[in-house]
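Notes for the one structure printed next.
The chains carry the letters A, B, C and D, assigned in the order they are written, with residues numbered from 1 in each.
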Amino acid sequence: MAELNVRFFSNCLHRTVEFRMLLPNEERKDIPWEEEKHRPEDMKTILLLHGYTGDGDIWVNRDEATNLNIAVVAPSGENGFWLDAEATGRQYASYVGVELIDYIRRTFGIAKTPDKTGVMGLSMGGFGALHTALAYPEAFGSCAALSSALIHHEVAKMKEGEGNSVANYAYYRECFGEPSKLLESDNNPETLVKKIKADGRKMPRIFMACGTEDFLLEPNRRFHEFLVNEGIEHVYEESEGVHDMVFWSKYSSIFMPQMF
Amino acid sequence: MAELNVRFFSNCLHRTVEFRMLLPNEERKDIPWEEEKHRPEDMKTILLLHGYTGDGDIWVNRDEATNLNIAVVAPSGENGFWLDAEATGRQYASYVGVELIDYIRRTFGIAKTPDKTGVMGLSMGGFGALHTALAYPEAFGSCAALSSALIHHEVAKMKEGEGNSVANYAYYRECFGEPSKLLESDNNPETLVKKIKADGRKMPRIFMACGTEDFLLEPNRRFHEFLVNEGIEHVYEESEGVHDMVFWSKYSSIFMPQMF
Amino acid sequence: MAELNVRFFSNCLHRTVEFRMLLPNEERKDIPWEEEKHRPEDMKTILLLHGYTGDGDIWVNRDEATNLNIAVVAPSGENGFWLDAEATGRQYASYVGVELIDYIRRTFGIAKTPDKTGVMGLSMGGFGALHTALAYPEAFGSCAALSSALIHHEVAKMKEGEGNSVANYAYYRECFGEPSKLLESDNNPETLVKKIKADGRKMPRIFMACGTEDFLLEPNRRFHEFLVNEGIEHVYEESEGVHDMVFWSKYSSIFMPQMF
Amino acid sequence: MAELNVRFFSNCLHRTVEFRMLLPNEERKDIPWEEEKHRPEDMKTILLLHGYTGDGDIWVNRDEATNLNIAVVAPSGENGFWLDAEATGRQYASYVGVELIDYIRRTFGIAKTPDKTGVMGLSMGGFGALHTALAYPEAFGSCAALSSALIHHEVAKMKEGEGNSVANYAYYRECFGEPSKLLESDNNPETLVKKIKADGRKMPRIFMACGTEDFLLEPNRRFHEFLVNEGIEHVYEESEGVHDMVFWSKYSSIFMPQMF
């Protein structure tokens, strides 16, 4: 599995950015069974979205990604909730969903069709995985959302000067826009689901998981119920676990083979 | 000249960040005159601040930094104008002026006194160099500000919905705070100069340069006049040049030896 | 846990080299139990040596290293068996055992005493861990050698033109020197053990492990018996396992807490 | 200009290796004249070979490479003189001339034809540029050799135990093979020139330069005369200069536009 670090100018973020990448295109000849893994015609791509406080580190199991012939692209989202904010250069949704996908298509010839392109994330990145796939269903055929920070209903109720133990009101307003308008906006994944349905576009396949001891369990159940009520086919799993890498490793291993 | 890439958790930015670094601590034995350059007791440090659209790339001449025995620390500021914004995790001034300086002190044992610590920047980073040194004069003995984006008077006049060709109003409000309050705030370097004077603290040594064809010439002249009027000793140079690396290479070479 | 990439000129290798590093010196304030982990006065260092075909990747568990307050330094050894070869610029033993330790002492102020300095490796790096600690017992208080390629007796019997499925005769002669002289030379860890005993110097603490299905089991048993016969106290463990990361993860977790 | 760091397994070197890369495939939309530079159909590739003591750092002018639409690929050659040595895993000529070219073709879709593929180097890398282009003329349409270490006639005369101030005999024997057989071998660029002529294959275009104060001037004149005597069209330039980056910057700027 080749590993890359790529630094390029993002028009959406108005600056030079970096992302990390795994690319299963080695032709290793000293180990016979490694060589067999090289199948360029069958390569899939997962955009990997980190959580709050993280950066573009790659947290999936490399051997599993190699065996599944999956390239992994891990951008950095600087706590921006993977949304298009109002301020110039804070367009994270467009960055990962359009510009970055286009860049890796052009540069590496991968992620050309939605059936070979997925997005996976944890916590803030779980929210991002759902939002990105639902905002750009023509690009992403599937998404896997682990322990997702589906906090849009809580943010929508915030008032000037409020906030919580994680961040202040100014932070949430910058990421999600004016709270009172959030639920109607495209920053709400539910809005996007309804639009895709209304437009008759193809819904991305959705995989969700949350630990039963996770502090984000209720928002995950709430979104699961929303999908049930909307009649959207999806996978939703709960099992013992908290908001940590043990849970995320388990479910990235479970969902990766199912995404394609 | 050793080169480092360092990734650590920033409490100010609430996430994992990276910075690049040059450290003149090689003891090269195959080239006699290189070995002589290793003088740990005399090492200085320059914090290097990039401009708008940039990242923590190192644009000073490595041979010059080696010969002057200067370590260079280049953080990334994501177009944040090197200021403390209101939103959680957007405290760039505290990040570079306090947290990063503290981290490199603890990790490398350098930048322990202001006479061995300077800050240099270009464009947005020129603004940042002035602001950082003036906000933390106990840490920084000198600053070099090249083609500085001293645009605070322009930003202060912006109204909701306005902006300019570089960025929109939301961007400027997020970086500088409410425009109508900017000039009185600590985001205005002039305010900081007056405070240092009033408190009788030691003013950092100031080096400024701007090209006569630079679109930022007027704001630089304005700040120069402000310093003259306040009776602040400083170096101010103009010469033929535009807003480009030719000018910045020239003046980083001129100012680096004078900063210590 | 901070992560570093350091590029500097090595006099032993006669060229610019890079190493990776984990440094447990973050003062993370958003998670109370993380902040407690920052104990600079107690920091230990492990030099981590990779196996044949590897490079300076860090394969120990980062959370464990953080909790144990261990810095990890991972150089690249380009299949050189961590030995001083004859050719200029192929002095890997001196590089890691003297030059690199000296460099990290100077740069980071760690690894200053043998009780806080260990070396661990797998396969070729297991051989290297034993050899390095035994060659420089004043620097290293302990070594952990996993599935070690203790193939010196096999190499000693090689004749011109021979070799094996891993590499040819020229390769082994370059790494180990003239095979017929290997067993008497300092490239043989047994020679080093006898010298330390004869000189009455302090023997580093030795931890060895090998899987019972590993193709290197016999050479490991042989070295274990040698140590028994020499009356050298050491830990030797066998358990089910092959020559893979599952085994190395298990035993790096077992040995790291015992090394200091 | 995008910058990449790529880490992959090399079968020729029998280990994980890294190379750096510039890729002029940014579509920068904030600066009109930058966007025009993006011409994927016209992209050329230069393999960039470093000198003795160097690593895969990129020393060409990035703006010039961008304007010329040239991707730059900079491998690390660990003082191996860019030749295929006898020992397993020391096949640097095959690595850069075959495996690396094949890898960047597969990964990035560039360097597909010799008219769009060149190789440039300085000092040891100047020797390497000539040798690589002459060993693989079907892959490389041109080479630029700056201040080249064309020391094969000197090495050919070395006797066991000899060497010089740069390195010992063992080093030269490992890189170049048995000295007494060097001049007839494919490690001698002159042998390769004669073979290409004899076989009627297309000779790569050759650009050479050396400073008149360079200690390698005589070997460069000697190779130039050899080419003249063989009737090989080539560019050979001498001008005031020593063995340093000033000279190499000058001639990389002069030769890059002529190579394609």
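The working rule: a contact is a pair of C-beta atoms (placed from the backbone, for glycine too) under 8 Å apart; a residue touches a chain by one contact, two chains touch by 3 or more.
Every value quoted in this text rests on a predicted model; they were computed, and no experiment measured them.
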| item | value |
| --- | --- |
| Self-contact between copies chain C and chain D, residue sets same or different by half | same |
| From the options C-D, B-C or A-D, the pair that copies A-B, where over half of the contact pairs coincide | C-D |
| Chain centre separation (chain B, chain D; CA means) in Å | 39 |
| Whole-Å separation of chain centres (CA-atom averages), chain C against chain D | 35 |
| Computed distance of Cα centres, chain C from chain B, in Å | 42 |
| For chain C, residues contacting two or more additional chains | 7, 9, 14, 30, 53 |
| In the complex, chain A residues that touch chain B | 7, 9, 13-18, 52-55, 57, 78-79, 85-90, 163, 166-168, 170-171, 173-174 |
| Residues of chain A defined as touching chain D within the complex | 2-9, 11, 14, 23, 25-30, 40, 103, 106-109 |
